[in-house]
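After this come two complexes, each holding chain A, first together with chain B and then together with chain C.
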Partner chain A sequence: MKRSYVIKKVLQALLTIAAILIFNYFLFRIMPGDPLQSVMRNPKATPEAVERLKALYGLNDPWYLQFWIYIKHLFQGDLGMSFLYKKPVYEVIGTRLLPTILMVGLAEVLAIISGIIMGIMAAVRRGKSVDVASLSFSLITYAMPTFWLGIILVSIFSVSLHLLPTTGLLTPGQTYSSTFAMLADGIRHLILPTLTMSLVLIGEYALLMRNTLIDVLTEDYITTAYAKGFKEDYVIKKHAVPNATLPMITIIAMNLGLVIGGAIQVETIFSWPGIGRLMYDALTARDYPLLQGIFLMITVCVIIANLLADLTYGYLDPRVKQ
Partner chain B sequence: MRCKLKKIISFTLILLLILSLNVYAAETNEEIYTMRIGMTQEIDSLNPFESWLVTGAEFFSVIYDPLVKFDENLKPIPNLAESWELSEDQLEWTFHLRQDVKFHDGEPLTSEDVKFALGTFSETGLGMYASLLAGITSIECPDDYTVVIHTEEPKANMLMAYTPIVPKHIWGNVPLDELETWPDENPVGSGPFKFAEYKQGEFLKIEANDDYFGGRPHIDEVVYVFFASKDTMAQAIKLGEIDVATNLSPTQKQSLEAEENIQVISGVVKGYTEIGFNCWDDPASKGNKLLLDKSIRQAIEWAIDKQQIIDVAYSGEGVFGTTVIDPGDYFHYEPSAEELRTYDIEKAKEILTAAGYEDTDGDGIREDSQGNRLSFTFSLIADNTEEVKAGQMIAGMVKDAGIELVVETVDESMLLDKTVAGEHDLFIWGWGADVDPTTILAVMSTKEIGNMSDCFYSNPVYDLLLDEQQAIMDEESRRDVVWEMQRILYEDVPYIILTYEVSLQAVRTDRCTGWKQVPEGGPYFLGATIHNYMNVQPAAAISVASEATETGTSSSMGMMIGAVVIIGIAAVFWARKKRKTEEE
Partner chain C sequence: MSDIRSEIRNRKLVQFLKSLKSSKMGMIGAVILVFFLLLAVFGPIIYPYDPQVFGSGGEVMNPPSSEHPLGTDDMGRDVLGSLISGARVSLLIGVLATLISMVVGTVLGILAGYYDNKLGALIMRFTDFFLVIPWLPLMLVLAAILGTSVWNIILVIGLTGWAGTTRVVRAQTLSIKERPFIERAVAIGSDGKHIMVKHILPNVFPLVFANTILVSAVAILSETTLSFLGMGDPTRPSWGMMLHYAFESGAASIGAYWFFIPPGLAVVLVVLSFTFLGYAFDEILNPKLKGR
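So, the complex of A and B:
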């Protein structure tokens, strides 16, 4: 029983990836504009030079052949050459991946943990000042423009308190006396972007957790548990929270899949060299291979994260498998 | 109680972490002076055959050397070439090279390198340096330190053709058809700075060349820091994280002016922002044919209050535009009082009425005799907020004259597609220019249609004059021809020059001394010279003082941290004890 459930889910995921692959490829090709214009950037290019570049990027072949070559190379792990950076796509993405995963991943983890705790506290003390405070905090941070929030944090922590730097992964061009000094510099740079990102995310988790938990708390089995004489702490921990986590799993999985896509706004404010900014640059330069590579990576990650969520669901709630 | 204590403990721990990080981060090698320059446009390529951006040009100008460079008044002075002669017939240039120049890898720079660099740029036509080398027919190297250049016709801009001399022993090994795609990962030049490190999306670092023939720069390192947001860049210079900020916005300029140790300038740079019209007189043109009538284009200029646009859309940062060469330039032509078109809405209406455009159906928009409305699509580049604002203002202004401009916002590559295909009516865009006027004048020539020309303007007289001015060695006679060309363009209005460009830049005066705008009223950086790289000096007193305070703060921080640690440990113990007694 269980095996067939897993197989079914995995097959579905593979099918989705295949569909995305095709859609992804043609999506960028129906976009208006000639990519070659951006590749050349040379208004005085001779026709021979144009031809040479067309050949280099395989733009001369008919579309079905180009597509076939793309798929073939993809299975060999080759995502093509970036028009903009003139380097293999996986290499370009590779240098940007770690900063993004580090910053957005850390922010997600922070937001999930604090969001869940806040949600539980609010639900348990429903209507009390804790609830009102956490609710308003969630709604305000959730609705706050990321860009503005980031600049406010910069003006507090960098400009007024002189505690943290504003820009980049490390102090640009710094030579370090030791690896530890470099690590310390890195962590200092990591704090503000991570804080901004997690503040933006907390609200969503806190609100969802609060609302599901409030629903669960009205269920009969909670009353039964109280009737059995369990203490409040115990009822919340063992009876209510586990039942309220199911919807959380879905949203967490979805967001974790998107971690890889980075956060364009946060990365822009803090000049963070991540995937979000790369995607924006690639889009403005019509760098199709790079865009394709990034989109493919993001969609595959989302699908895998969802697959994992489905499987966890099945594990947490056996009814799902039927 | 427990809950509160936990909070206190975690808060102190976080504070402790941040503070300790600061101490460790301060523990770095500060004996050398690093100048950090904030930029909002990342360099597009380290390869001079490929790059097209001003940030690229800036990098090449300190890594490589040209034969002849510009002084503070933008006049040619010796650089790699100690001296030069021009033959009687004005077709043969002889340059005598310095003999003490070495590339960063130790190889001597000889006439072969000059021949290779000039020859390769002009033959392949690649990159931004090629166009100024037009007209060179052959280059000879009689000996290691003499270069003879032959030209087809007298070449007026020979000494203004600023070209980086790239080493033959490196670039000569790259096949010609791979020049443009060759990733020059470790650029080697002969200039005052050596390439050190490049982190895409983060920074580019260069260091002083100890053996530079013109003397070692006073600053030890320069780091170009690439900012994705101008707002953060403005904060960063306030904090002293960077020493220089370029490409600021007018509001940031205002806020930085209040800072004590920061000097903000709006330096006039070569270039302008224009309204361009589709003047393509051909059935293939998909633009509105009414715009072929220059009286409509002139009327539009009369109807625009440029000063108000500069004041509002550009927050006053701009210079009233007239002809295609900026007023600070020797070659600038200033229209006479009769020629000059300034804001006068009645005049605009008068011209339109005289040309037969009347509002017959009473909708406020004029029509021609066949009933075609004077309604045009006005393309603006979406992410340029100033231009979008200016465009919307202009649309409002010309409506008073009875012309409708339908604003559409597009991205830059879309606009490029439209102008190449001739599918546009009018647009706002901009150009940057060289010291030599040839390239910016060539934009309007017939042979540039399909390349640089975004107006499809074609005028045989203008084309002739363009060729003529290139071959006039006498500066004053050349200027007369260039003046005539600008007069023609001003009369025909393929472009309305809205404003000449200024570059808003800020520098920290407490970190360095000797900042200078070059030429007078010009920029600190991203200009035609490398004056500030060579002459700016670290403020000695300040650097010692800052070191002292740094050690001071770290020791006081150490004490603070010690205190926090003790309090933290005490708190943890107390909490534990409390908890135990509670449980008991």
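So, the complex of A and C:
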């Protein structure tokens, strides 16, 4: 991989992050009214008090000075105060990261493995019933709103069959005899959200794997491999699949934005105490500082994931020049 | 001259419809879509219903009966009535948002492709920026800031969904620009505006049309999700709003399937119909794909 490629990609990502900071700042300034209105809902506030607060928050300063202060605070990790939780935004976000990473990470692993297997099966038996079934599965899960799929699963597994709990991280008010019992309860709570998340992703990954594999199977080196007398299983496993998985890596990383969109819905349905549910709560309460903080964090994560995808791809596929 | 042109266009359209007819998937998609469009247009006339009129206490969350074929919701409203009037709202938002996306996407795509210089580069940077920002969080934040109304939802979905179209239209414009007939137009002194409107736009149109189908599916899903997450217009309940009410009232946990299944199923069917049509168009426009 060329050094200039890495530098170019990193610079592009930094530029995008800079654009996001500006965008994020002005986005929350186009709201009707000034930020103070939402801070001070007290009708008894005197005009003098409002003026003093304005001076305190720097609202009388010109916009470029305000923007500079915003950036300075941002780099000190200061994202403002959450109205809803009466705590610094970074603190609120911090406590919610782990549940989301756990749930989304598990769902991704599950979806990547099943998606790849399903895609290979469909590509190898192209046009047969396995292929048709896998395609139908992909189309239907794509057409379903993620949250609705979650509601359906809850009504089947929790309400009708009483197999799994519906909401939260652990059963509220439960005392556990051992750490193991607590862990078991946690896992039971994790199953449905993870399943919902991964079902949506499996179809997408399977379809992608299938199409890339079909393309790869028409390449000359596959014909060569057959001509050498290798068995079909061997050619697919050793020649075709590794080459078809390459584009998957990029797509999976670039998919992070969509996955987060799914997590917002799934966590809302299951009251899973992660970033997604936090965003829903911030939206419902119109907690703008918290909303702004979450949006910034998500966007920066997605940009970094895209950068990593570009770099990994450039590293794995030497043909990438630009 | 123009007679010949319209003749060719008509013949192309007939050919196109014939190919669509021969595609099973395309036909299924078309039938489902036409059904929902008719439902949205004529349904409220045949089955009058007012979402602002609530039922009495005894009519809350009733299962399907002869009086209420799909039961009642948490406010005692008829679910079938909500579904029909919701079709109008959901499809209207979908169509208008898609229209905004397509206009913005096509205009920017043609400009970026035709002016292959600093302006083009600037447009593409802007486009990449919109492609990288996670959609749902962006739409949610915009909707929260602008406030919840049908028009804001349309604006939010329309103004976030154009970037993909810009990319494909630009790529196509770049290739059309190199063709001899454009050179000829330049030689006889046509200006950029004329070339873009009269020569490039008609040639990228099939591509734009195929893209519209995909964007429509995304727009419908976006509307459902935004409304479900509380960003919908309570005065004009869409299918997404119905699902929002169903979730908030705990319909799933009391097993009120008649409340949360119909609106979700309607969304799935509409999105599927778009996907089927998209597949059919793909096959017609790229015959190479056949049999894949």
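In this text, the second predicted complex is superposed on the first by the 274 of 322 C-alpha atoms of A that agree within 3 Å, B and C clash if a C-alpha of one lies under 4 Å from a C-alpha of the other, contacts with A are read in each partner's own complex, and residues count from 1 in each chain.
The criterion applied here is as follows: contacts are C-beta pairs under 8 Å (C-beta built on N, C-alpha and C of every residue); 3 or more make two chains touch, one makes a residue touch a chain.
Since we're looking at a predicted model, the values are computed, not measured.
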Identify the partner contact of A:Y85: answer first if only chain B is touched, second if only chain C is, both if each is, neither if none is. first
Can A:V154 be said to touch chain B (first), chain C (second), both, or neither? both
Between chain B (first) and chain C (second), which does A:T166 come into contact with in this model arrangement: first, second, both, or neither? both
Once the structures are superposed on A, label A:I20 by its partner contacts, choosing first (chain B), second (chain C), both or neither. second
In the superposed arrangement, which partner chain does A:T284 touch: chain B (first), chain C (second), both, or neither? both
Looking at the overlay, does A:L217 come into contact with chain B only (first), chain C only (second), both, or neither? neither
Quick one: classify A:I260 as touching chain B (first), chain C (second), both or neither. second
After lining up the shared chain so the two structures overlap, which partner does A:Q174 touch, if you call chain B first and chain C second: first, second, both or neither? first
In the overlaid three-chain picture, which partner chain does A:A184 touch, first (chain B) or second (chain C), both, or neither? first
Under the contact rule defined above, give the chain A residues that sit at the interface with chain B and also at the interface with chain C. 32, 151, 154-155, 158-159, 166, 268-269, 284, 286
Given the complex with chain A, which residues does chain C contribute to the contact? 128-129, 132-138, 140-142, 144-145, 147, 217, 221, 224-225, 228-231, 240, 243, 246-247, 252-255, 257, 260-261, 264, 267-269, 271-272, 275, 291-292
Sites on chain B touched by chain A in the complex: 17-18, 20-22, 24-25, 27-29, 34, 36, 44-45, 50, 52, 125-127, 130-131, 177, 180-181, 183, 196-197, 199-203, 205, 221, 223, 225-229, 231-233, 235-236, 238-239, 241, 411-414, 416-417, 420, 451-452
Quick check on the complex: what are the chain A residues that touch chain B? 32-34, 37-38, 41-46, 49, 52-53, 56, 85-87, 92, 95-96, 151, 154-155, 158-159, 162-178, 180-181, 184-185, 187-188, 191, 267-273, 277-278, 284-286
Can you name the residues of chain A that touch chain C in the complex? 16, 19-20, 27-28, 30-32, 126-127, 139-140, 142-148, 151-152, 154-155, 158-160, 166, 211, 214, 256-258, 260-261, 264-265, 268-269, 279-280, 283-284, 286, 288, 291-292, 294-295, 298-299, 302-303, 306
